[in-house]
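Multiple structures are listed underneath, in structure tokens.
Presented sequentially are two complexes of chain A, the first with chain B as partner and the second with chain C.
And then the complex of A and B:
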């Protein structure tokens, strides 16, 4: 009995957290009339509060068909998002991992200063860097291109910071043994650093995925061509009369994040814990 | 577990990839495929064409008298005939019957005309007799009234005179004075009676003279009118053959009809006690028509002197000059005597009255003498009272006579006025003459047709266009056979829509093509007129060269008129109409999630001119680089996504 009460409380909280998702799923199955009736206090400013049913009165898959067959724009944005996220994650893996290894395992002048600078940059929100990013991208003629989104994200400091923590946790004795056995710098990195720091790498990539899958501000700022827009900008362009389509698009937007979370939830906890540990 | 999740993730991506392709395919099916082109400079050619039939320029109608029975028809529609060719023939039996009938109608009309003239003449005579009788009645009334008034006036004067005589002699010889008055009265009455007898004799003599004069004049006029009388009134031949004119009497008679006027005047003088009553005949004629004559009051003492005669003829004079022109002598004499009989009657009445008065005066004198002898005691005052009473009674009688005479005169004048009232105009004779002339004209036409043996021939060389008669039926009132004149040439008449009116006009060049492929160029439009049967159509006439195309052949006409040079011409199928205006769709590029897409943008334009293929737009309606959608496989609307097909 003692153990059940906390479980009930936690279950209630879990349901409360998951309720928006349930709300979302119910909305995707409602027809337009029911949606209009339920959302009228919000959409038509008719007063009162939104009433929501857990089960729709007239369930329909109409909105799924409309989105899947009549909205090619959604798929353009979906694949734009896949492209941006994949490129960013790949770039971060290629760039961030060596950078974190270097900061964690090499001694060179101003290393500590550089680490502090990394942390400072990580702490800066995008709104602070937006103007400078814009000017740089404009000089590099990267505005209105996916590269203008990808490149700044590739060199983000947050994954480096996460992976730095994991690489720093590798015992020096292991590395010394490798050196004694004649291993070179690259061999130590690929055969000892990456396997031992995989958790940090994955957790950094999972966190980055969740961040860049829902990227809004950078595309809105740097992309004028709508054909380059990511999925996060699709919903703001859907009117109230297509609320059902908006619910369905939210479901499809949510799905990759859920899959990624499920795949990397073990590493994600480690990464979050690593980011919280004081150096 | 993680592998399953990974597989589900991969399946999700594959699912999304599949529907990416499907949505693209579905989208491409909904996008309209269009073709577009830019506006160009050009002219709008208006081509007016139509087909019609070649006809002759002039037609001629052949007709004959209506109501003839068609015996045979020798031509049919489309047949060519020469001048003089027999067209049709009418039945001679029926024609002869009509001629006979027409002649009889003319004879009947002549007889009816004679009867009408006779009746008209008789009516005129009756009117004259009525007028004469009215005048006689008026004269009789005047005579009678004048006599009564005069007599009453005399008696009144006599009574006054007796009273004054009594006043003068009252003191000395009152009784003798009365006797003297009575004796004087007896003398006067005797004198009046004698005068009346004399007047009666003079009047009879005057009537006899008038009769003789009238018979003489009638004989003179009869010789001149005899021929006419014989021609018009056969019955009057008895007058000349069986009743000779009294020539001897006419020769001996020198009396003027106006003598009776003098006699009447004399009578007036005799019966009138006043000098004013002897006014001349002319004065009487002038006074009568106005009806102003009347018996005056005793103070003015101007009694009646007028006679009602409008034409200024005294009663007897009119009878002598006009009334006996066509009468038997004995009838003439009888009528004259009848007309003057009232005068004789008036004279006889006057004689009877005067005789009665004379006898009364004698009786009064005898009575007085008897009374004088029997009652010498009668006082003068009593006599004065009696005389005064008598004067009053006589005056009253005089006034009554004046009123009665005026009433009689008024009634007689009214009757005479009615008798001489004007009659309305009568054009019966002229109308009969016109009707007879028309019948004679119809008769002459029938006779001419009979002379041609009932055959009707063609007056010209031509083609029979229509035959309006049927064998055995009656000929119509209008055209029997319609011919076209070959000598006048041919023309092509084409019917086109009224909407083409702006694009074809007189002198426009046209090309004419026959059904067999023969083409005539260089011709011009001769006329463009609204069709008489259908106001929505135009009749376009093209004169054809002589002998170029035979009449009756079908041919087509084509006229082309180019407009001015327009800067902005588009195919007409790119033009849409809405609420009386026009618009086009142009291609516009739009940046969307799917990339640069083409869409249709509606632009309202003003059409300057258009034909079946092209339309000219107002300058500035389109930009130079804009492509106008000229064809689409789907219905377009503002903003429709389109896909350009090259």
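And then the complex of A and C:
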């Protein structure tokens, strides 16, 4: 396993993983002529196959301007996505953090049962939850509202699980000495738990951000009104004849996620790895 | 120490209100007719198990899981083991593998469409004439996109497992004359078995998200080889077949629970 071969393989794999970003960026910078020429086999069935240059011939920012000036719809959807994601993350932080702290650092009846329950619930995909979500949203008259997407997600048990893992790792001795100094339960949570578990909280929120920025199933099922839709449902509906717009919208959708990724990359790694640690 | 319960209370209230109670209602409904009034026993389950679309979706989902998870687990293990040996570039590569996780499905749909079209980039590159999205190959496109998306996630999990193996064991083995392969099979693999359970379960959970790609690229009615459970449930939902949907949800929940418990059992035997 020595020598250049593994490096080459790993490098090729890394390129494959990141190529879509480059592809989208290239597409946004091509002028209409070049896009039309490149995509004509798909758009106009003109025969032959799409050929794609690694870099644009005459780079232009024209499509960015077009999107900014001519596509008000895009910004409605963008704002919807921001609103949904921000509300869900805030809710998960407010509700999930104390729950994780309670499960991780206290002994009370049913604690073990609750932990198992939370893990089981975390595993259930949307196809299992679809009807139950519908029933509850219908009863609360939250169908076709953003609140109907936000509320069930706020009580998702996945972030609780991640934060739980980090809170568990805080040494008991620290809490013990705080208790001896007369710190109350709340003081310990705010002044010791939150700062020492900050890594776990950020990890959980980064994972949640990537998940909910990408939300598709729930809005697809529960939002009939298209003006409430997030970006993810809007993008695939841009026709190939407006390829420039499609490329730029894709990049705008991508940007916040990639930005979060670059800022929170270490937390993301810790958050993923947290699940692998055996207790 | 009962104060701990109050920390959990807000979350638990929400979980009961939004998850447990409605799911209990779903279980009840699975034994009632579509209006939820008349008790019908197991008839909904019988209908679902005799439903052609359900069997198709179930077998696709099982096939998808059976193909993807072993593939992903092995490829990511190989990448993690190689990555661990690299200095410098290693950590950059590791981050690059995670990039697909950050790319929203909606953003790559455009690439997927251009790549896998009958006159798309892939066919152009290799002079092929394959209609990827409208043939059996659609299934493999989905497999590829799952691997692409989840590789980095699993690599991180494996690396966490690898980091838990004490370097002294390797040193001792090397002193005793064990080669690289011997070390891998006699030390690395046995020590990674505990990670295998977690990684399999997490990969399994992530496999449900493959619906997003399938839906955004191919819509409500994709080629039958990539027709998944979620497609079927969406159709039942649109038809308001709540009775079938209830039975289907219970069957799915039971299957997932059973699989996770079986894996756990197998894992604890080690």
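Quick note on the criterion: the second predicted complex is superposed on the first by the 251 of 279 C-alpha atoms of A that agree within 3 Å, B and C clash if a C-alpha of one lies under 4 Å from a C-alpha of the other, contacts with A are read in each partner's own complex, and residues count from 1 in each chain.
Convention: a residue touches a chain if its C-beta (ideal position, glycine included) is under 8 Å from a C-beta of that chain, and two chains touch if they have at least 3 such contacts.
All of these numbers come straight from a predicted model, not from anything done at the bench.
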Touching partner for A:263 - first (chain B), second (chain C), both, neither: first
Contacts of A:73 with chain B and chain C, given as first, second, both or neither: first
Partner chain(s) touched by A:90 [first = chain B, second = chain C, both, neither]: neither
Chain B versus chain C as contact partner of A:227, first or second or both or neither: first
Chain C versus chain B, contacts on chain A by residue: C
Contacts of A:174 with chain B and chain C, given as first, second, both or neither: neither
Chain B and chain C footprints on chain A, overlapping residues: 234, 260
Chain A residues touching chain B - in the complex, by the definition given at the top: 68-79, 82, 225-227, 229, 234, 252, 255-256, 259-260, 262-263
Footprint of chain C on chain A - complex, ascending: 1, 6-7, 9-11, 13-18, 20-21, 23-24, 27, 39, 41-42, 45, 47-52, 94-96, 98-99, 101-103, 105-109, 111, 114, 117-118, 120-121, 123-136, 151-152, 154-155, 157, 160, 185, 189, 210, 213-214, 216-217, 220-221, 231-236, 240, 246-247, 250-251, 253-254, 257-258, 260-261, 265, 268-269, 272-273, 275-278
For the chain B and chain A complex, residues of the former touching the latter: 2, 5-6, 8-9, 12-13, 16, 19-20, 22-24, 26-27, 591-595
Chain C residues touching chain A - in the complex, by the definition given at the top: 1-8, 10-12, 14-15, 17-19, 21-23, 25-26, 29, 79, 81-83, 85-86, 89-90, 92-111, 113-114, 117, 119-121, 123-125, 148, 151-153, 156-157, 159-161, 180, 194-195, 198-199, 201-202, 205, 208-209, 211-212, 215-217, 229-230, 233-234, 237, 242, 245-246, 248-249, 252-253, 256-257, 260
